[in-house]
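Shared between the two complexes below is subunit A, which pairs with subunit B and subunit C, respectively.
== the complex of A and B ==
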């Protein structure tokens, strides 16, 4: 596997989780979580700190990373989001409150980075996490492990949302909060769980991302347009769509840059973010509801030439 | 069972209900009728903690509901079937029933769901189908079944006959009367199909512009031609489908 492909797979897996994080919080609490950027960066720094101080591979610290992200999500929910939701705040207010939280987290990240530098004599301002990786079947382990973890996350979430009582209650609350409340479902608890899952996904996504690109204190800030692009491409109302959208955005960026720079020269690298954003724009032009709005049945029938109701 | 004293409520700063006094007796059907915009739905939303209560008391079995959240009211056995959005369209019929029985253990909820399909056989046929694909009448049946899943002591029903074909609406009304007669459930029903609702009801309130204009026996309101024609569109000589096909109901003469 070519190095750009391996990095692309890792990067795409991280964007799948990050776009999924934005989507799950948005569909439950109507909140576009800008703090996903700093939650992701914090995730990377937790993995970096653990691997530097305690050794081993970054993968073994991912459960801790996810837990820390969930904690950050809980702080945001109980500190801000819950109060605003109870006061029936407008969507824009909910969104801007997370921007404030993101800036606060960014300050903590800077302080934490300084702490790591001065106390442990580390160099955390530009980190290449792939030096801690190993090879598996001749390729970087991250290129195999991380897509599998992202896929496992998607499958687990699917099972949780369709097979468990609380998961179905989450879907019910997303669809109709008033009726869910009248049925005895505590929407407060549903929102809290959404922030726990979303926060965990964000930090895990950040830890993944640092295996593909250079980790810096503003890594999340730099890549947040792509996280949102993934969520929007996925349709904003579909968790699966969001994760698939995030993955496609990552793949397009890496594959697009590779092929276009071979064709037109390395200057294309400078516009790498434009390529997936163009994909998003074009997709929305034809399918305003994003990937979730694509009539897959119709597309399949068009491809196979079968008519509706035709038997095999 | 339910007492509402001097209730003033609405949404945000907008007041819809003014000094409302309502008494819902146990194991009976109390019907609230009135023209559009009278505040009928707001009354139910105020009880369920969805609308904002400015002042007044809402008391169920001598306990004030002040500050209670909607899901806590459900826990206390108050079941609410909204007029719109009364089923989870994206969930299957079975999942809808399971969600309605969210507070009961899974095995018990399954048992209850099974019994609901016996009460409403039409649901059995579509148990795995998404509720959004059901017809209007089937959805109402599902909504009532969902309301019953909680074994409620008090059911709040909001305009059950809306958007239903008259024959289906009549069937739904029959089911409501059966809930009182066979299960002994106290029902507070808000209804546009005033004639039939008043026929099955025991007590009635006429709500106009957020105020009570009539309180008394349901049958007696039907004998008030002026109120009936002015606010409910019921003319004494008018023959309705209910008169033609009305099956005998316990408690109604």
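== the complex of A and C ==
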């Protein structure tokens, strides 16, 4: 596997988790979570601190990272989102409130980074996490482990949402909050769980992302358009769509930059962000509801030539 | 919304009182700073205030009056800044027979050319004024072009989708400026000719005054716009675009116009800022400073209220400056563990946004509910009917 493929795979799995985090919070609480940027950065710094201070591999601290992200999500829900949802605030207000939370977290990250470099003499302002990585089958372990973790997350979420009682209650709330409330589902709890899962995914995604790109305090701030692009590409109304959308965004960026820079020269590197965004724009042009809006069944029937209901 | 006479006059009184209170707080803080720190700090506050007031008012046109979730304010600011950084200096260089093509922005040449241009500008008052006017015009034009460009998706996409697209667009423009070194030097800052060199030692004072006067002019212009029929149709579209269309308002046209006006004004601010700092670099225009800060200012002041926006910008600018000035006195405990108190600016902004949303959803000075026609005209019409 070429190095760019390995980091592309890591990057794509991280974007899958981040876009999935945006999607799950959006479909349950209507909130476009800006704070995912700083949650991601915080997740990366938790992994960095633990590896630096206690040694070992970054992977063993991922449960801690996810827990911390869930905590950040819970704080946002109980401190902010719940009151606004009860007040039936407009979508833009919800979005702005998470932006405020994001700025708060960003300032805490910056202070924490200052503290780390002052107290522990670390250099946390520019971090390349892949020096802590090891080799597995001749490639970087992250390129194998992280996509598997992301896939496992997707499968677990799928089982949770389709096989457990609470997951089904969650889907009911997403489908129709009023009706779900009338049949005795506590929507407050559903929102809370969405923030817990979303926060955990966001921080984990940030910890993944630092394995592919340079980790800085503004890492999340720089990549947030891509996270949103992934969620929008997935159509914003399906969790699987969001995760696949994020993955595609990452793959397009790395593969696109690789092939285009071979074709046109290295200056393409500078505009790498434009490639996935263009993919998003083009997809939205043809499928205004994103990837989840593509009528796969219809396409399949069209290809096989079977009419609807013909094969009973 | 219920709007009987009593409630409206009560609301009006309240909002008037609030304006006075906020203004009083600002004056007290300013006086305190003036006494304890002297004039230069007041000047810095004024120039920050003027630049951000223009940007925030332009944001208010788009968000507060026509309801576009403008998360890409930085795009228009960048357009103005790049236009002023790239074009007027090149024209003068061409006139003086200096290299003006792509080499103008190269770091090996730019720092030699610009002082020569500055000498020319310093020798002629007329040329300096012309330079400023031309810069403002070119900034406004490029801002208007960007505004028109972003109005194309803005009339199709829905709220959050549009906000994210605009955010991405602003970032994209920054990366273009950062990578295309022929425009404004890419990663190396280029120098911008200084038309205020003519004033010698008073340069800073004159700049502050000029930008401040421009901000005030823009305020009066926007007050006119908001109270014109165009302003009313903007607010009608914001409140309900279907009913506005049913009433015969061309929704697409009004939205496009408001975006063009807002972006042009923001671009003027960007251009003036570049002239003030004397350098122009793409990385200086981050969405954090030029999109999210104006949003915080606007939300504190009150979305849809120009006076409120001005007060909000003033108050937060003063508080920001105070963090910078008193960082070692007030936040010594942070510095003791190696933390730079400057990060408290972000804490302040985040706390302001959250606090305003939770406890004061309409901001310091809420938008006034105004009848479509002045009260006496309504009375006249009713009298005629009876």
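Quick note on the criterion: the second predicted complex is superposed on the first by the 300 of 312 C-alpha atoms of A that agree within 3 Å, B and C clash if a C-alpha of one lies under 4 Å from a C-alpha of the other, contacts with A are read in each partner's own complex, and residues count from 1 in each chain.
In this section, a residue touches a chain if its C-beta (ideal position, glycine included) is under 8 Å from a C-beta of that chain, and two chains touch if they have at least 3 such contacts.
Because the structure is predicted, anything quoted here is derived from the model rather than measured.
**Student:** After lining up the shared chain so the two structures overlap, which partner does A:187 touch, if you call subunit B first and subunit C second: first, second, both or neither?
**Tutor:** A:187: touches subunit B, not subunit C.
**Student:** Is A:270 touching the first partner subunit B, the second partner subunit C, both, or neither of them?
**Tutor:** second
**Student:** What is the contact status of A:115 with respect to subunit B (first) and subunit C (second): first, second, both, or neither?
**Tutor:** Touch status of A:115: second partner only.
**Student:** Quick check for you: in the superposed arrangement, does A:168 touch first (subunit B), second (subunit C), both or neither?
**Tutor:** Only subunit B is touched by A:168; subunit C is not.
**Student:** Name the contact category of A:178: first (subunit B only), second (subunit C only), both, or neither.
**Tutor:** Once the two structures are laid over each other on A, A:178 reaches subunit B alone.
**Student:** As a test of reading the superposition: which chain, subunit B or subunit C, is in touch with more residues of subunit A?
**Tutor:** Comparing subunit B with subunit C, the partner touching more subunit A residues is C.
**Student:** Of the partners subunit B and subunit C, which touch A:102 in the superposed model: first, second, both, neither?
**Tutor:** second
**Student:** Within their complex, state which residues of subunit C touch subunit A.
**Tutor:** 69, 159-161, 163-165, 167-168, 171-172, 175-176, 178-179, 287-288, 292, 295-296, 299, 334, 337-340, 343-347, 349-354, 357-358, 361
**Student:** Of all residues in subunit B, which touch subunit A in the complex?
**Tutor:** Counting only subunit B, the residues touching subunit A are 48, 50, 69-71, 73-75, 79-80, 82, 85-91, 95, 98-100, 102-103, 106, 146, 150.
**Student:** Can you tell me which positions in subunit A touch subunit C when the two form their complex?
**Tutor:** 32, 79-80, 83-84, 89, 91-93, 95-97, 99-108, 110-111, 114-115, 117-119, 221-222, 224-225, 228-229, 232, 267, 270-271, 273-274, 277, 281, 284
**Student:** Can you check the complex and tell me which residues of subunit A touch subunit B?
**Tutor:** 165, 168-169, 171-172, 175-176, 178-187
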